[in-house]
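Following are the structures in question.
Each of the next two complexes has chain A plus one other chain: chain B in the first, chain C in the second.
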Partner chain A sequence: MNQKNSTKRQGYVGWIEASICIGSFVHVKMFLANPRELCQMAGTAAWMVPLIGVIGAIVIFFILNHLTATFSRASLLSIAGLFWGPTIQFLLGILFSSLFILISGYELRIFAEFVLTTLLPQTPISIVVISMVVLNIYLAIGGFESLSRTIMIIAPIGLTVLTLALTFGGTMGTVYNLSPWLGYGFWDTLSAGLLYTSLYEEIILLGFIAPLFREQKDFRRSGLATLVLSAVLFVFAQVVYEMCFQIQSAQQMGFPLFQVTRLIRFETFLQRLDPMFVFVWASVSSVGLAVGLYGAALTLTQGIRATDFRPYLIPLAVLSICVSFIPPRSLDAVNTYSFIPWLLQIPFYGLPVILLLWSKLFYRPQENRP
Partner chain B sequence: MRSWLKWICVCIVFATLALQTGCWDRNELENLAFVLTMGVDRSIDNKIDVVMRIAVPGNIGGPTGKTGGESITQTTKPITITARTIPEAVSLAEATVERRVDFRHLRVLIFGEEIAKEGVLPYLDVLERFPQFRRSVYIWVAKEGPARNIFLTAEPVLEKSVSRYVDDVARGVVRYGYTRMPTLHDFLNEVDNHQLNAVLPLVGVNPIVSSEKKDGSVRPLPTDKYHQEIEGNVEPGGKTLRSLPRSGGNPSEFLGIAVMQEGRLIDKWSAWDARIYGLLRDSYRGGIWVFDTPNGKGPFSVIIRRAQQPKIDVTWEGDKPFIDIHLFLEGQLLSVLALEPYVSTDRITLLESQVVDSITAETSQLIERAQKEKIDPFYLARSIQMRSLTMQEFDSLDWKNRFSGASVTVHVDFKIRRPGLRIQPRSEESR
Partner chain C sequence: MTNNSKGANKVKTYIKDLLTVNEPTIQKQFSLSPNRPPIRRHLNINNYQKPQSVTPIPSDAQDLHRILTRKFRAKRNPDFILRLLSVPWGKVSIAFFESITNSELMQESVIGPLLEYSGSIEDVTPESLSDALTYCHVIETVSSIEDVVKNIVRGMTFLHIDGFDWAIVVDLRQQQSRGIDTPRIETVVPGPYDAFVEVAQKNLSLLRMRLAIPGFMAESLPAGRRNRGPLYLLYIDGLTNPKLVWEMRRRLKSIDIDMIYNIGMIEQYIQDRPASLFSQMLLTERPDRTVAFLLEGSVAVMLEGSPLVLIAPVNFWSQLHSPEDIYFRWPIGTLARFVRLIGLFISLFLPGLYVAMVSFHPEMIPTELMLSIASARERVPFPSFVAVFFLELAFEFIREATLRVPKVIGATIGIVGAIIIGQAVVEAGIVSPVMIIIMAVTVLAGYSMPQYSLTFSLRLVRLINLLLGSTFGFYGVLLGLVALIRHAIGLRSLGIPFLTPVAPLEKRFLTPFFRRPPYKEEKRPDYTRPLDTFRAKKVTRPWDASVPLELVFLNESKK
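Take a look at the complex of A and B:
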């Protein structure tokens, strides 16, 4: 196993830092079109979807945790290499790197469309995309430890502002909008919840950065904290969004959480707070996208058994720019991005499950060790 | 990092600082023309008249307006553009206004009566899409005639700033309850709920005050002429849709509500109806009410406040709903014109009963009227919504039809909590 190689010149990370870092990657979608999509899928019961989804994600995480505990926190790709040889490890590395680039690219495009639609309509989209990617490269080049330091500065401000935004926004809504309580029905809500286990699929990144944890308990804490924090924020945001908008409107709203913040108005005393929130959200999103870029570089590095991920950051960033320009219009970007996560959960959740099954059924440690 | 790479990075940073000093979306205040209020009317040839009141920043003074213009006609200028759509009108306005027209400070959109009857939703689409418009914009409907009349006649008593004027009016509505002031957001949320009818405030132009306005200022009529003008107007102000008997002040008056069906104006309710509507819809917070005393010797006045949210219970007998409504109100005595000693623990209940009877009767009448028209602006289905499990179940309720055949019982719980700063009025004997 060459997990040490892939973590060359990277320090260890604490469980809180890792949680917030991966949590920010998970949450980029919350600032985009996700609350609206949940409303389209589950109607007034959309706020239950992240709750149901997190149960599935926790099961997957425990599989991941068991796997990494068995293999001394080796990365998933190292374990795959151990089982199936370097060719499969190479192919999986390419695959996961591509998937991270796909997610980042689409999120980048929708983020840029958001900026253009709401704040900077005259600015060329390439300027927004390239500026964001340059920032992502700068953040990611220092590795996960550097990313986590950055996010630990931003997170307290970001979480405070987000909580205030949602709390203030919630006061503009009404609880009647949350009813009828089961949306399109119990089974529809349950199936939407299971489908949207994909909300947390970025948690797989923990499997690739496992070597960066000092102890297994840090890994476990980090994963659970990420899932709980993400679920709480998803549910909070969704409840506030639904309270503010009647379900028919909620299903058609562009950039849902931004629209919630635009509603905040306490007489003339407190109003027009949305630019402040946009600034904070842009900061959190930039870190989230940087984590995605880092994930792409790291998986590629682990797949090809290279020693350092840094040389791949810029080429992968260019690729993410290319991906971001694939959709001809923002509508295509949003529509494609709405089903990409459903498909991605197959490889993202499937890999740890297959690896665990393989380790239990076919792997004999004594035979493979000198 | 290698030293040459560092130098390249530093050069790029400085080059960026030097070259990217401007930005594509710069907004210089002196290049913008802020539209503060906007009106939409049906024009000729199936076009619309879009009236925009643009701020003249140089004439807007400090908080009291002492250093600025004397009235909103000096701090703002109205322009009317006839076009097919609002965006087209905006685009054409850009060709006539020397600065870039900007809607980020728009406070109100007024629809003329005719276009409100045709339907306002097509004209609100742009407000939902274009980010310069905020969902906190108020939507008003002209009681009679075009919205342009309101623009041309409005003359606030104190305010020189149109934005503050609109905000003050919206605050006032909460104090007196003679109308309701929903924002675009509130209105659209109500439109999207098919089990209720949205309402908008009615804005009227008082013909007497309007006739008093000459050369930008209002000159009140002599008393004799004023009394001639109001002769025959026997009903108390606000009971009907007629304009208030008054002279001087702002020609615009905010009394009554426009009841909408899928964005179309279908009925106009008076200011008194609007208060009852507010009680049922739970948008009422307070206001001064006047009732006859039990012995009919003269009216008494109370401030009535909402004590807690109304309790609405719907039970079913087959397809017929039975609606039980409990209103919880409390009051403060303001005056007893007959100077009779009602303020004692045993006699104050007489006044309370009078209030309860009166409000119960008015509420029942208004509900009957709504039932006849098969509309429910009161959102009585909210208690059913809270008990529904699925959206299909609630959507298939066909509430408005069922409500029209419902049996409704109204209970009003009212106590005069405080008599004010005096207990019994000065009696006839003591004078």
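Take a look at the complex of A and C:
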């Protein structure tokens, strides 16, 4: 690729930082209604769904890895531009930017509803949405460096609190709630798992930030670490959730992990810890949402081949606010968001697959052409 | 080209301009860090001032006296002494400021030797005159009036022999200064009890007393247009990364102002983000701390007239460390660091969290405690935010008053403050007793920070968190917390990330929190990128039976 301009880059990102950063984006949905949806899809075997899904995601990631290795870690949109020209690159940039805004907008709305339900019942939702978007802009305007470093401070606390919450919550549950072990049956569980490969679709962001990695092995480590970490946390959370509630209740519960933390009682110094857990989760979610906003701005920038993503952050943030207010009610937002990821995995996973096929079937580097 | 294609091109260009912010580029062109500004290496900071005119020294003493009398307004300025001394071999003009010159030293080391000089006037050269003045170690030959004036205002003594167009200046300065005293703001229990004073030479002597290496550099730089200065740029040649020295020198030289009153001013001129609430450099009055930072690869700045030294680059965690951490054994040092970390968190968030808890999430508190707090607040008509704000103001007033009033009545202020805050406001029903406890713990936690300026930064951030917590509850505190982390992430100290080694994550990232035993710290910190990485041998306890013999032999073989 264009090696002459590589000197213009000002830095690289480490694989641990990138993993945790993308992982936070993947995990936003876990704090929302995702565990309940998994229970609705796969019954008591819902905890297996992320495990099956991660296998599909790993396959897609290896395709992405192969593609970026072939093109010296150029961004997916740059590769698309190389194959199909700037017009397609432009259109793909607009498309992916819109998709990231769609995800961010819906997650923002559900997050705001979550905050209203758990912390601020008297506050107008617009206040929560706008304040969170302003914070997201502030986080994203520093670029991936700022996002990754911020999450590196928050993540240790977030992971500790999450682990503690799930462990304490798990002690209240019973393991028999996980039976029957295969839920609605082997094939139903398997098909749900494959459908929920979409749990990890945010991994595609790695394809857009690929130029930030110093070496290909960092890229590979980062992707695999993100997927493994996400899968472990998804499974852990799902197991605890199912142990704490019988499946009929688990399929109806609003904000599942919050309900798990409500079971925890210390009564020595603090009698209820759920607001504290919400506090920490919301911190992680705020960075995750900012990563979504950054992804939208970045893909738009790469699509139109601009040099700086920052001028697009505020317009895109306004758009995400607009998207967050599309669903008239909280329930509509949750219902719509439950199937949006299924659809989004088509472009998200489809693009690297098509690009790899195209590179193998039709593309010849300039020097090899007759 | 046809009109249609011209029109199409115009539309295309318009759309392109509308959608792009710069020349479109291809492939890998987006920046990892857009907020990292490029270094402006092309700026030549040495060429700011206009070239000065050069007036040669007149050989006739009368002409010279006329010029100096006019320059220094000698008739209206009795401090300026201009004297014509007749010696057996000629006439010598002496000019100096009486207030900053040691008269006894002048008599012994200048006037005495001049009178005893046995050569003839024809043989006098700058070298022979220097040889005659054996007691003077700093002697400089000058040949222009501008140099003469510059040296006299710096406190040097000027000597001119009638009939020559050159002169010499000698250093007979007498610096009025207090003696070396104990530290005032960075006190420690175990450790050295000396601190910097206002005279740079004394401060340098305190450092050289500890650093017995030829590479310890004290570069002299100008300190303002009307300041006697100088500024000293301190570093260890061969250890400190030259890029850091270059960058600090560049920033110091760029300061082109009348006067630098104190080292705190320099900090504001040269720090990376002057608008931030946090200081990105470290001010210390301790020579041992300065030496420790120099040996870690940082650079330091010393100013004549300032009892503090400015150190950069430093990370945020070093502002939470005290020299005591090293002087105590490592478990105690580690505990102290943890206590300060907890203190930092309490100082930043406790009032905000308390207000958020009692106003928005009372269900968190155990029922008995909640009832107790509620009954205590029953008589208080104000919301929690107002009460906390009132106490913050009261503590500020007490602090300011204690600083300003004469020391003899300082204790009285403390007693009055304690009575007002501790008793009267509770009895009057303005604040609840629980609130007093919360604020007392918060203020004490704030003052546990070893870096004095950090206490002020924490107070400002605490007020912002308080406002957010009282408006949005925990959600508001969360907004404040994440924004604060983001802000700190963006800070740099002389180009080095301020939260290193935690963010960006580097090796030995637990060092800021756990003080390792000194015999295991064989490497210097990475963030300063020192030229000499190791500060100790791999094995410093070879006599210890627990050290593997292989390691000892390996270490010996490297000799």
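Everything that follows uses one rule, which is that the second predicted complex is superposed on the first by the 350 of 370 C-alpha atoms of A that agree within 3 Å, B and C clash if a C-alpha of one lies under 4 Å from a C-alpha of the other, contacts with A are read in each partner's own complex, and residues count from 1 in each chain.
Note that contacts are C-beta pairs under 8 Å (C-beta built on N, C-alpha and C of every residue); 3 or more make two chains touch, one makes a residue touch a chain.
These numbers were taken from a predicted model, which means no experiment stands behind them.
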Contacts of A:Thr44 with chain B and chain C, given as first, second, both or neither: first
Which of chain B and chain C A:Leu119 touches, first, second, both or neither: both
Chain B versus chain C as contact partner of A:Thr167, first or second or both or neither: neither
Between chain B and chain C, more extensive residue contact with chain A: C
Which superposed partner A:Ser249 touches (first chain B, second chain C, both, neither): first
Which of chain B and chain C A:Arg265 touches, first, second, both or neither: first
First (chain B), second (chain C), both or neither touched by A:Gly185: first
Touching partner for A:Ser146 - first (chain B), second (chain C), both, neither: second
Residues of chain A at both interfaces, chain B in one complex, chain C in the other: 119-120, 123, 127, 267-268, 271
Touching residues on chain C, where the partner in the complex is chain A: 19-36, 360-361, 363-367, 472-475, 477-479, 481-483, 485-486, 489-490, 497, 499, 502-505
In the complex, chain A residues that touch chain C: 1-2, 5-6, 8-14, 16-17, 73-75, 78, 81, 115, 119-120, 123, 127-128, 131-132, 135, 138-139, 141-146, 149-150, 152-154, 211-212, 267-273, 275-276, 278-279, 282-283, 286-287, 298, 301-302, 304-311
Interface residues, chain A side, partner chain B - complex: 43-44, 117-124, 127, 172, 176-177, 179-185, 244-249, 259, 262-263, 265, 267-268, 271
Of all residues in chain B, those that touch chain A in their complex: 23-25, 131, 134-136, 167, 171, 185, 188-190, 192-193, 382, 385-394
